[in-house]
Amino acid sequence: MLAGDVRFLIFTAIGLAAFPLALHAVGGYGGLATQICILSVAAIGFNVLLGYAGMLSYGHAMFYGGGGYLAAILLMRAMPAHPNLWLAVLGATIATAALALAIGSVTVRLYGIYFALLTLAFAQMVFFIVEQGGEITGGDDGLQSFPNALLPIGPWSIDLTAPVPPIDMGPLGTVSDLKLWYVFAAIVLLLVLWFTRALTRSQFGEVLGAIRENEERSLFVGFNAATYRLAAFAISGALTGFAGAMRALYDGTVAVDSLGIDRSGSFVIYTIVGGVQTVFGPVVGTAIIVYLENVLSGVTPLWRLIEGLIFIAAIVFLPSGIVGTLGGRGKRGRRALFGALRARPATGVAPPAGPAPAAVDVPRETNA
Amino acid sequence: MESLIEALLNGLVLGLIYVAIAVGLTIVFGTLRLVNFAHGAFYAVGAYVGLVLAGRYGLLAAFVAAPIAVAAFAVLLDRLVLRFFYGKDATSQLLLTFGIALVVEEALRLIFGGTTQRYPVPDALAGSFALGPIQYPAYRLAFALGIIAMLLVVWLIIERTNYGLIVRAGIRDRIMVQLLGGNIRRASTIVFAIGAAIAGLVGAAASPIYSVNPTVGFSFLVPSFVVVVVGGLGSFWGAVLGGLLIGELQSVTTIVFPPASNVVIYLCMALVLLLRPQGLLGESEVIRQS
Amino acid sequence: MDAILETRGLGKSFGHFAAAADIDFRVAPGELRAVIGPNGAGKTTFFNLIAGTIAPTSGTISFKERDVTRTSGTRRVHFGLAKAFQTANLYGDQTVHQNCRLAALAHVQGPFAPQVFRRSKRLRTVDDIAERALSRLELDELADVRAGDLSHGDKKRLDIAVALATEPEILLLDEPVAGMSRDEARKTEALIRRLASEMTVLIIEHDMDLIMGISDSITVLHQGRVLATGTPGEIRENPNVQEAYLGGHSQEEMHA
């Protein structure tokens, strides 16, 4: 492991350790920190697709909710007596990755609005299928009261619902409502951040960026763009499904709204507000929006309107999001995301190896 | 048998709503190359304007005021925000208009509350009408005829007027529109306003049939996008064909195999995108990657 | 000698319009072949058929005795057939060097390599190939410039360098000097001549001076069909070719 990686892990770990304390100081509760960590993982998954592959999905709830349902079903049907958190989460993640591969093999051939609508369509199909799923999915009611999964590590079985000892912060109060779940979710988030950082700096991330910037050129230097995009879609779906599985086990319940359009839209909002194409953007965006949601919703009925306005403001004024702008990448990020995509016709169904201009030898200005 | 006929008629009414919204989406896309996720918001605003006015001043006032109010709202939106995003990539436009749709939905929720409301059918159209073996609500029939008449007017505008010329040319060739030059900007705004007005009028007129709540914009927008994709983005007759097809499909499935009624339209769209990505009547070449 | 590239009965129709029809075409290894023809002759269609940008409606294409008619353009690059674009098609936000590196990376790593942890910086061969491609097009000094900031002529040369970084056996050039100044064109001509000593080159070009000066042999297309094939001298004397050029309204092209 490189020195840079170690530094990254240490600083991020310190940040994550301080996060629930800071959140407590501004009126958040312990569970909120855990929820933010888990939702951040889902948003990071979404950002792999939008930020690095340049594809806007309006259907990521199918992976989030899908992961949740799969984990719940695994837990209730396959291991009711010995609920094992590893197996439930990993099983659900692998299954959502497979789902993403299947759906991706169809969707990654389309661009822009067509890609967005097709992912939305698949998400709606998954939503209604689960809603009609009868006993297996619990229909409208979803699934509740599944066994509390334990986390086996070596000889121990850890109960994540156990409390963390109270932390006294002097004048800022005492944090006494943290559970071991936060520790687990924070470690998971740390590892996912590290993975994403490695991914975006890797050869895979480099090629993905090249394809995003100029797909036609990439095809004719020999990159199989569709396969790269499919791989990005699968990784993205798996990360989001992983988060969904964690969330279901954390809540001990899963419901159909985890598969809904609002959920899909929320990942879009978190990521745009925080910053596309940045490693920490989705985390910051999720933290801000989820915090506001929880704090403001108690104070004013305006909070969803405020959320929408923040989102619009981010698109118009901060296209690189909060993290992208703070990181001084405002101009560059804007050009990389929007400039690259602009190369295609507005329909977004550009033929990368399109025949249209090749149809006939037409007179050109250069024929002088 | 009776239930099937009724389902077909319901499908027609539903389909016509989709057609009207989809036509707006399509002409706006054709001229402005703007993919408008906020188009459903025009329907919702129209529905609420109708709700307020119909109770006080009667249905006619509602039907006149709703499209005008919505058109004004659309022009405002166009001047204030949207115009900065013309010519940008589809992803930016989708994100922005999605944000606008969210804000409009929440604003409606704040003003009118989150509950589902409806206003009563006027006395003159309250009864039902004998159609062969079944009795069908008179208001729905009048609604269907009204929408068809409106679509004819829109079609005549597209085919016979200068603004229509811009729509037609824009659908075929953006550069040609630029060559036409001059008032293209203003004409585009007018096309945008017309598309919005159609949605607003339909929103007001459909409210006695389908109830109104703040999420109604999204609920009609998503199937209308399906319609546009199925029919072919940018094609007027594609929107008509797609709308009727999707409306009937949804309605008939409801009685034939209810569990599938919500899935079937998405299945239909996925199939069209895979087999004929440019849509049933779409002109533009859409090529899958080699 | 066996042909490195061969087409038989190759055709492409758009509806009722045949942009290319019944083209039999052979290029020997090491040859520098030019394809010319008046406007509308089907040159670009033919070029795109060879590169794999579009699929033919009839006939076959074989490359190194392998049938590639239905092979994607991406795969053909890995077989050793690279193209430079008519309008330079680059990664505008990347440096000149990185443009070539990406092409070299594709060559070394194949069409798909899920290297999600390893960085490409560690691959020395990739850098070597990229640097070699740049120096062959005399772009070394511009290696750190953003590609989007290059002059028109430099962009076109970089486009050739990118194609070269895929280590092709045959290089397809679509109007390599179009839009260049006289000096740039002459410089590029010399570079192409040097490349042609190492690999097979197929050029589509309007500039007749360039074509006559550097080609080993020339194929003339007219109305989507092959009108004549021969040495520059033979083509110049061919009455059918003169007829096609002078008879049409493209007279100026002969002297462009």
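As written, the chain order gives the labels A, B and C, with residue 1 at the start of each chain.
By definition in this document, a contact is a pair of C-beta atoms (placed from the backbone, for glycine too) under 8 Å apart; a residue touches a chain by one contact, two chains touch by 3 or more.
Please read these numbers as outputs of a predicted model, since none were measured by experiment.
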{"item": "Chain closest to the middle, measuring from C-alpha centroids that were averaged per chain", "value": "A"}
{"item": "Far-end chain from chain C, centres as C-alpha averages", "value": "B"}
{"item": "Centroid distance [mean C-alpha coordinates] between chain C and chain A, Å", "value": "42"}
{"item": "Chain B-chain C separation of Cα centroids, rounded to whole Å", "value": "48"}
{"item": "Length of the line joining the C-alpha centres of chain A and chain B, rounded to whole Å", "value": "32"}
{"item": "Residues of chain C engaged with two or more neighbouring chains", "value": "52-53, 72-74"}
{"item": "Residues of chain B engaged with two or more neighbouring chains", "value": "290"}
{"item": "Touching two or more other chains - residues of chain A", "value": "219, 225, 353-355"}
{"item": "Complex interface listing, chain A residues touching chain C", "value": "198-199, 201-207, 210, 213-214, 216-225, 227-228, 231, 235, 335-336, 339-340, 353-355, 358-368"}
{"item": "Chain A partner contacts - residues on chain B that touch it in the complex", "value": "33-35, 81, 84, 87-96, 98-100, 102-103, 105-107, 109-110, 218, 222, 225-226, 229, 233, 259, 262-263, 266-267, 269-270, 273-274, 277-278, 284-290"}
{"item": "In the complex, chain A residues that touch chain B", "value": "50, 54, 56, 106, 109-114, 116-118, 120-122, 124-125, 128-129, 132, 219, 225-226, 261, 265, 268, 272, 301-302, 304-305, 307-309, 311-312, 315-316, 319, 337-338, 341-342, 344, 346-349, 351-356"}
{"item": "Chain A contact footprint on chain C (complex, rising order)", "value": "14, 17, 19, 37, 39-45, 47-48, 51-54, 72-74, 77-78, 82-83, 85, 89-94, 102-103, 105-107, 109-120, 123, 162-163, 165-166, 175, 178-179, 206, 253, 256"}
